[in-house]
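Below, each structure is written out as structure tokens.
In what comes next, chain A is part of two complexes: it sits with chain B in the first one and with chain C in the second one.
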Partner chain A sequence: MEEHLVDWSRAQFALTVMYHWIFVPLTLGLGFIVAIMETIYLKTGSQLWKKTTKFWMTLFAINFAIGVATGIIMEFEFGTNWANYSWFVGDIFGAPLAIEGVLAFFMESTFFAVMYFGWEKVGKKFHLLSTWLVAIGSNLSALWILVANGWMQNPIGMTFNPDTVRNEMVDFWSIILSPIATSKFLHTISSGFVMGSLFVVGVSAWYLLKNRDVAFAKNSILVGASFGLIVSLFLAFNGDESGHQVAVKQPMKLAAMEGLYEGKTEAGLVAAGILNPNKTATNDESEFLVKVEIPYALSILSYRDPKAFVPGIKDLVYGNEEYKIMSVKEKMQKGKIALASLEAYKEAKKEKNEQKALQARQTLEENMQYFGYGHLKNVEDVIPPVATTFYAFHIMVSLGGWFVALFALLLFFSIKKDIQKYKLLLLSALWSIPLGYIAGEAGWVVAEVGRQPWAIQDLMLVGTATTHIATTNVIISFWLFALLFTLLLIAEIKIMLKQIKIGPEGEH
Partner chain B sequence: MESFKKIYNFYFDGFKNMVVGKTLWKIIVIKLLLILVILNYFVYDKSLKTQYKTEQEKSDFVYKNLIRSN
Partner chain C sequence: MGFENLDFLTLQHFWWFVISLLFGLFAFMMFVQGGQTLFGKLSSNETQKTMLINSMGRKWEITFTTFVLLGGALFAAFPLFYATSFGGAYWVWMAILFCFIIQAISYEYRKKPDNFLGQKTYEAFLYINGSVGVFLLGVAISTFFSGSVFFIDSNNFSHWQHNARGLEALLNPFNYLLGFSLVYLSKISGSMYFINNINDDEIKQKAFSSIKVNAVLFLLFFLSFLAWIFTKDGFALNADGVVFMQEYKYLLNMAQMPIVFGLFLLGIVTVLSAIYMSVFKKRESCIKTIGVGIVLTVTMLIVSIGYNNTAFYPSTYDLQSSLTIMNSSSSHYTLSVMGYVSLMIPIVLAYIIFAWYSMDKVKITKEEIEAPDAHNY
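Up next is the complex of A and B:
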């Protein structure tokens, strides 16, 4: 496979997903915040809360409308750029996406209409129910695609059928309830909730700085900061669980996240640091130019034991007998056996030699978990881009910490003081809106760059997954998508800003 | 019949009274047109679905790619 093509296909998918992820988190979070605000309106009967709800609902609609269908491009790309992959994953990927289409999409779109058109036409309680169902439906949409992504990170609940060259689902619930999928879902939607909260407190802070719509802005900050504090604390708690799952299922990703080349017991977690750019798995240079470490924290995070051994990149590539870690070289041998068995099976079937086919199938099944290693050229190819993964992880975690502090401060000053007097805090809230997007994108960089070179962990390389199409086609479509998404983003920002300037008293 | 009329009026009035929604719908239509029509017909003319008719042909194609990558 031409490397140029693989890189462009990769870049195109990354571009699509990263732009898609600009729109999604706000939808996930703002939906629930609007539902909370409407609940308060129903409880209090206050017209201010009604106006507050309608204002944020309009911004929710703008974001939803601009973002809708950007995800369809990804599904389109699966068929065109990643045809080998799409076939290989079979119904495991297809089933969750189909459920998403049927259940969540219809749920969202039906109640979306009631939410916007039904203010004076349906009962207040039914309207509120619709708002909650739109919020829940949006998050259910995310569930299915994240289950599919979780399976790619930890492929379970399936069996490979050599006749069809597809993986077939044998245990739906183990795929849905896989620890990687559940922690990924919770981590992702809660990051969306944090984004929604940051957006609400940031925009409200702007009103307070401008000294307009003060009561509305204070109400909004109170809801945004309360919700934000709860979900950002949950995000941190769940991030710990995600880290543990990564350590167990994708130890190479964890090693890259921490820039850990040499495995160690009682491993410390790098709180901040600068990687040595000259460090590779094949030299003995030091890993960091400078770093600040939290003692034992990496061992605790990884295996819930302060003395646990955390394998480094070198252990995972070259093996470690003491800790029973198989080398990539050995895995490559098993992978090549798996590929040869598949070939032998197909030949035996053609010759109608059932005995030979059975033997080949047994050997294939014994080595199937290393299938993807058969396509590797060098043992070091399993190392993901360490610097990108490390810095993205630390940016995400640092910003996550800042968001907890920001929400706590906003909540404290909202309740105990006149928050409008604290300009620096309000400015911080306003400027934290882009930081929320950066944190969310960084999280996806960790998840996806950190698992390179795999499209499906241990089973299929990105290079194998790519369709053999003209590189020019991919380059043209890359730039067309880039243009389209940039125009959509500009449109969203312009319409949002216009609506924010109009404020809660204007028409929606 | 009365229920259908109510639902029809609900949507009709809703769309008629939209303010920001009108701009959003224009964007959605243009976007879908670009995504589904232009890119589908002008950028990608070949995919596994269009190139091969039967499941067996598709399976053979992917199998060959897996073995060739070895």
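Up next is the complex of A and C:
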């Protein structure tokens, strides 16, 4: 049973964070859309825009509440289920979480109350400011948690202290400004903006299909499609930068995203394909059953050079002398030396033998970057689940492409034509709402499944990071979360659908 | 002169003070939780109930956020506590978290059509959050005095030694004292908040009498709690950093830190005077007075168990594994970076207070709740 602890801990984290992520993107995007609408209302003084703002605000609030409910567990789950992790890197990881609380959460929650209840209690300008602050606050909170996540993928700005047996922060700004954190933040919030836009155009399309609340729906589509087109283009552009960052910092994740086992120069990017399910790193079967490739694109994406060598899974596991890639076996040896010298250091400290301690510390520092490999059992354990990562990546990218096209079409037809006549386009908009959710979750699957088995890249395995606890406890809490969150999700969807049916003219 | 110039020990003390202050603010903000246990008793019809719930509904997120921030600040400043307590006392914290998860949706979903679980369920969620949630928080904090069962290995990884994973704290009857103290205290502050926030004579009358009953119960439990901690042995630290049991440690802490003791007493007197003014003088603004009192009392109580060579999170299983503000803190660098971040707290408090005043200038009335275009929970 105990060997399953790590899988159940993973499962629980995946469950809770994926539930949380159902609600966050809409909060990120709809917040700004509502703020834009209220700004238009204030500029024009039109009651229709006020109604439009209030309607989307109601949906925002329903979604926001469950985002908060599923969010609190995230703040504490690092401690409850990843206690060893929390000590090993808490000196770095805790800070962004606390800053998130101080700078972002209070802004959201304070001004949410003003935005929601303050229509008749505060001035119009203060109300509008509050609406903007809610949007900014929720996006700020995304900033800090993504800085934290980015740091796990690319740990920098810290040093290992053998006396406390943990990593300690030495450079705050390098952590905050790390390129991987920046591109992660931009990619994530823009995906949230896209989700918000999809939601607005999708719901509005439904009204047009039902031939009701037409003026309101057309207004909403105009705002949603304009905002959506800008942010989805930015998302695609930024996705390219994210891919480049992954190639440089986490080549194994990139290889899994592309199903690339044998490294190559002038590598093509798989546009679509079906993986050969029998393929492993230890056999010579072909990688794909079928695939369509864009020539040179992977080399360009990865290293901005069509001729660049992109290492495959085999190169990364077994090493490649030509391209100076160290094998996992060698890294494991160095990792074991690091672990042994840490023990030697502690021993020497106990004996008060400073000379010996200094030596051990030097050896430790030389091998520290492979510290996590010391706990690996087999070299192949560094390979993440390839199929999951590959398909999630390709689903995300294809959907991203579709969203750009959808927003462009919607915008064109709402400006140039009577969009209400284009039923197929409206239906596509409606059915793209669930696609937005799928794309967002798929993105996180790429990011998180693709970096397994590492909790912190190269330094700590997920297996080392878990709390020491009998597995039964985690199984029970897993099912409690699954049950409660599912009930709440059903409630949320039902309430949401009902409010949409009631529409902007009804009471909320 | 910046935070980085302060020595490590000073920063650790500074951060323990910040944590204590957050505990204090959180304890005060639990008037929301107290209110959630009273909306049935204080109302005689649906409109009144809705007034009560809406009154809390404009504040609950601040309480919630304070709790989240407390978690984040503990993680950032005292990560070994975060790892040991949350990971170790798994079920206590999980239970508390579940109580807060169900709170977060209840205000918004309670009255919405087609809400699947029904209005009664969401109201029950609010009640559970206000009673069980607060009680368990009190029990969890009480283990700061009674101790827990864990040991810390040479990698500073912690190992909990009881299969009940924290729920064993319920086997110690002394831990109930703080649990119930908090429950009744939050009922008192909840009532005072309603009196100040809602314009309805019937609700006010009922709230005044609820304070009377709950004050008696609160005093009973709180004085017993004080009697317990001030007479029990405490977890002290000698000059070599060795943890040992010292007679009357917590009383001694107060005697040796007269400022802390003075402010602690002042806090208690303020709480008592708020209760007095409310019960006997029918003063309507007592929520402010009791707020100051609660923040002072709780802050100083928590300060006192971190300072003066005390182990604030003791292990009865292995005394030397006990956590102090010295052995569980973040590095000097991180604490100083976070020191700058803490300067934001007064600014945040300022805009919260500003937003509240703007909103609360207009009290909640029956007319507002029944208005046709009202935004209600």
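Everything that follows uses one rule, which is that the second predicted complex is superposed on the first by the 505 of 508 C-alpha atoms of A that agree within 3 Å, B and C clash if a C-alpha of one lies under 4 Å from a C-alpha of the other, contacts with A are read in each partner's own complex, and residues count from 1 in each chain.
The criterion applied here is as follows: a contact is a pair of C-beta atoms (placed from the backbone, for glycine too) under 8 Å apart; a residue touches a chain by one contact, two chains touch by 3 or more.
Note that the coordinates shown come from a computational prediction; the quantities given were computed from them, not determined experimentally.
When both complexes are superposed on chain A, chain B and chain C occupy overlapping space and clash.
Contact with neither chain B nor chain C is seen for A:A281 once the two complexes are overlaid on the shared chain. Contact with chain C, but none with chain B, is seen for A:E75 once the two complexes are overlaid on the shared chain. By the document's definition of touching, both partners, chain B and chain C, reach A:I62. In the superposition on chain A, A:D91 makes contact with chain C only, not with chain B.
Applying the stated contact rule after C-alpha superposition, one finds that A:Q499 touches each of chain B and chain C. When the shared chain is aligned, no partner comes close enough to touch A:M18: not chain B, not chain C. When the shared chain is aligned, chain C comes close enough to touch A:F106, but chain B does not.
With both structures placed on the common chain, the touch criterion links A:E168 to chain C but leaves chain B unconnected. In the superposition on chain A, A:V404 makes contact with neither chain B nor chain C. Aligning on the C-alpha atoms of chain A brings chain C into conflict with chain B at a single listed stretch, 93-101, out of 93-101, 183-191, 237-245 or 255-263.
In the superposition on chain A, the residues of chain A touched by chain B in one structure and by chain C in the other are 61-62, 65-66, 68-69, 72-73, 76, 79-80, 83-84, 86-87, 113, 116-118, 121, 164-166, 346, 467-469, 473, 477, 480, 484, 488, 491, 495, 499, 507-508. Interface of chain A with chain C (complex): residues 61-62, 64-66, 68-73, 75-76, 78-84, 86-87, 90-95, 97-103, 105-114, 116-122, 126, 130, 161, 164-166, 168-170, 172, 346, 467-470, 473, 477, 480, 484, 487-488, 490-492, 494-495, 497-499, 502, 507-508. Residues 54, 58-59, 61-62, 64-65, 67-69, 71-73, 75-77, 79-80, 82-88, 90-91, 93-94, 97-98, 100-105, 107-109, 112-117, 154-160, 163, 165, 330-331, 333-334, 337-338, 341-342, 344-345, 348, 351-352, 355, 358-359, 361-362, 368, 372-373, 375 of chain C touch chain A in their complex. The touching residues of chain A, counted against chain B in their complex, run 1, 58, 61-62, 65-66, 68-69, 72-73, 76, 79-80, 83-84, 86-88, 113, 116-118, 121, 163-166, 336, 339, 342-343, 346, 374-375, 461, 463-464, 467-469, 473, 476-477, 480-481, 484, 488, 491, 495, 499, 507-508.
Against chain A, in their complex, chain B makes its touches with residues 10-11, 13-15, 17, 19-21, 23-25, 27-28, 31-32, 34-36, 38-40, 43-44, 46-49, 55, 58-59, 61-63, 65-67, 69-70.
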